[in-house]
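There are two complexes below, and they share chain A, which is joined by chain B in the first and by chain C in the second.
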Partner chain A sequence: MIVVNFIINNILTQASITIALISLFGLMLQRKKAGEVISGAFKTLLGFLILSAGSGIIVVSLIYLGKIFTEGFGMQGIVPSIEAINGQAMNNLHLGNQIALTFLAIFVFNIIIARFTRWKYIFLTGQAILWMATMTTIFGSFAGLKGAPLILVGGLVGGIFAVAMPAIAQPIVRKITGSDDIALGHFCTVGYMFTAGVSMLVGDKTKSTEDLVLPKGLEFLQDTYLSLALVMIPLYVVTAFFAGSKFGSTLSGDVNYVVYAFLQAVQFIVGVYVLLAGVRLLLAEIVPAFRGIALKVVPDAIPALDCPVLFAYAPNAVTLGFIGTTIGSVIAMFLLPKFGLAMILPGMLTNFFAGGTAGVFANAVGGRRGTIIATIAHGIFITLLPALLVVSFNKMGFVNATATDVDTVTAALLFAWFITPILKAI
Partner chain B sequence: MLKILMVCGAGLGSSFACEMMVETVLKGLNVTAKLEHSEVTAVAGSKADIIISAKNFEKLVNRYETNATKIFLNRLIDKNEIKEKLVPVLKEKGEL
Partner chain C sequence: MFFKKKKMEETSSALNQENIEPIDKDKLIEEAKILSNTIDSVAGDERIKALNNIGSLYFAADKIDDAIKYYEISISGNKALGKAYTDLVKLYNIKRKEAVKEKNDDGMKHYMDKIDNLLQLSKDVIRGRA
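This part shows the complex of A and B:
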């Protein structure tokens, strides 16, 4: 009994071990060789701990930005980063274990729903599932759920989203790809459909973005980390100027306060880089296992894949979508505080991936005019939704960050606006 | 063993989806290879024999020096396109 209790209390409460065990079972179910099972599980463990290390780096940088921003501008400036939210939930709120189990539960519910309904979508974008699990766990536990109900409710909500979002997007994805072989598995779908709706209203689909010749100089925007730097470095440096040398020097030690701000901005990017490297290791064994099992249970499954698979269908629309969404998010940054909401800084990772995909969607139904107008609206939309969560996040003790990926935000709002009041009423 | 590296912007989603497709194609051809996916900068210093990426990443991939044979796909997850472009390279490398 002592041994069992020790295992339950000291080992299974470690999220890194839980997730390694999930990977271990996945590999065993696929009847891999013992060596592969052990090395796979170990790599998953490694991935999880690298992810935590990355999030630690991000948090240090965000705390610094929060201080100089408040000093410089007299208000809170929130960085939208689902990676930061995930890291803080795991490290600071100690929800890692529940997130890991919910992550597994979403896979299971996804397979069950796809098996028994006519929506045959299998959601293969692992990091998106991880972000969804993060948000349902945070908001589920904030609603007062604990233990198995927390994981099951989160798994069910996440599982429904994993099937419903590809299903909602499919009519337009079919238009883009010309087939029904693949679906879109990316939890920014609410934003894409919003963009497509606007584009349909204002656009003219006979004039495609792909007939345009865009300047070659814009190609560097494809480089994820470079475009992240393009916004984060000026943001930190300008904020440090506004905070002033006196205040800045109290944080920067021996280093010049502007140089320090520059280095902290780079640290933020380093954190994202490390965190995503961890996610890559974490998913490398789990996603193929999930795919193998899902294809056995749901033979006619349609794989829902990550958004860049659509980029090749309309590369100009991707660039315009990124630029439009960034313009929209800058407009929203200044606009939202006027309505009493927090100031949300532009989130470049989402602007790139979600903005690019929104561009492809907009072009499919509304051509170039639709793309330009609708993606600016998209930027405002995807800034507004996370802004609604800031009060809750602050209350829970998150540092200076809010979520991105609007479907996960929608799930969180579902918890905050419906599930929490219902639970409180019972 | 033959080593193939798939790359995309963040090295998470589409390179991974592509890797799973390449795996299926290789199985059909009866070729074994070590497959990995990562983000574009991983091309620098990679020991891969073949690098596969999407057309839109061509410029970024070409920034790095590498001895690997590069394949750029219009559709990252199109089995036919992967097979069409991979088979000549595999023949050239003596794997087929």
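This part shows the complex of A and C:
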């Protein structure tokens, strides 16, 4: 009994061990060799701990940014980063264990829904499921749920989103790809459908973006971290200038306050680098194991794949979508504080992936005019939704960050606006 | 009713094509074979175009492995987001489904990994890395 209690209280409460055990379970179900099972589970454990280390670095940098931003501009400046939210939820709120189990529950509910209903979508983008698990766990916990109900409700909501989002997007995806062979598995679908709606209203689909001649590739985005630096370094340095040398020096110690701001911006990028390396290692074993199981249990599954699968159908629309979404997010950055909302800084990576995909959606229904107008609207839309969550995040103790992928934001708002009031009324 | 209608619409593209007009598969295969004999005599964009045409003919004739073979040669020579790319996603998915039916786990993983590689290629091409 002492041994069992020790395992329950000291081992299974450790999120890194829980997720490693989930991976171990998945690999065993796949009947992998013992060596592969052990190495896979160990890599998952390492991935989780690397992710936590990255999150620690991000939080230190964001606390500094929060202080100089408030001093410099007299308002809160929020960095949209689902990675930072995930990291803070795991480290500061100690929700790692629940997130790991909800991640597994979303997989299971997705398989059950696809197996027993006519919606055969299996969501195969592991990273997106991790972010969804993060958001449903945070907001479920905030609603007062604990233990098994927290994991089951989060898993059910996430599982429904994993099937519903590809299903909602499918009419446009069918238009883009010409078939129902594949679906889109990216939790930014609410934004894509909003973009398609606007594009349909204002566009002219007879003139496609693909008839335009645009410069080849977005070279400055070749490296994820350089593109992050492009936004974060000027942001930190300019903010430090506005905060002034007197205030800046109280935080920078012996280092010049501008140089310190520069180094803190680089620290943020280092944090994202480490965190994403952890996520990749974490998912490298767990996702193939579970997708193997899912595709076996649902033999007629339609695989919902990550957004780059659509880039090939309209590469020019991807470029225009990125530019339009960036313009929209900059407009929203200045516009939202006028309505009493926080200032949300543009997230270049979201603008690239979600903006690019939104461009493909817009082009399919509204051509080049639709793409240009609708993706600017998309930039405003995907900045507005995370801004609505800032008050809740502040109440929970999150530091200067908000979520990005709008479907996960929608799930969070579902909890904040509907599930929480219902639970509190009971 | 709405969902029933949707379900009826949700048939594979290949099936839809078959419903529209009967395809003379032997003729397509013959055409592909003739074209494949000319590959070595052309280079550059012409070669890529020919490879894609052969892949397309084999795909239309339901010769999945042959279509994959020629499209893969095409995409290895020209990392671009054209027809070779979009058809390969569909072809790998067909092979993945076949592997599931045959309970061939390794085959299923093999084709899912190939789809993952295509997704990475897509990111790289758009970012100008490929």
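By our rule, the second predicted complex is superposed on the first by the 420 of 426 C-alpha atoms of A that agree within 3 Å, B and C clash if a C-alpha of one lies under 4 Å from a C-alpha of the other, contacts with A are read in each partner's own complex, and residues count from 1 in each chain.
Just so it is clear, a contact is a pair of C-beta atoms (placed from the backbone, for glycine too) under 8 Å apart; a residue touches a chain by one contact, two chains touch by 3 or more.
As the structure is a prediction and not an experimental result, all values here were calculated from the model.
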Combined model on chain A where chain B meets chain C, clash or fit: clash
Chain B versus chain C as contact partner of A:337, first or second or both or neither: neither
Contacts of A:280 with chain B and chain C, given as first, second, both or neither: first
Which of chain B and chain C A:312 touches, first, second, both or neither: both
Touched partner set for A:288, first chain B, second chain C, both or neither: both
First (chain B), second (chain C), both or neither touched by A:118: second
Touching partner for A:127 - first (chain B), second (chain C), both, neither: first
Overlap of chain C and chain B interfaces on chain A (superposed complexes): 124, 182, 219, 222, 288, 291, 303, 305-306, 308-309, 311-313, 315, 318
For the chain A and chain C complex, residues of the former touching the latter: 30, 118, 124, 177-182, 216-219, 221-222, 288, 291-292, 295-296, 299-300, 303, 305-306, 308-309, 311-313, 315, 318-319, 356
Chain A-touching residues of chain C, taken from the complex the two chains share: 3, 7, 10-13, 16, 81-82, 85-86, 89-90, 93-94, 96-97, 100-101, 103, 105, 108-109, 112, 115, 118-120, 122-123, 125-129
Residues of chain A defined as touching chain B within the complex: 124-128, 182, 186, 219, 222-225, 276-277, 279-280, 283-284, 287-288, 291, 303, 305-309, 311-313, 315, 318, 349, 352-353
Parts of chain B lying in touch with chain A, wherever the complex brings them together: 8-14, 16-17, 20, 37-41, 54-57, 59-60, 73-77
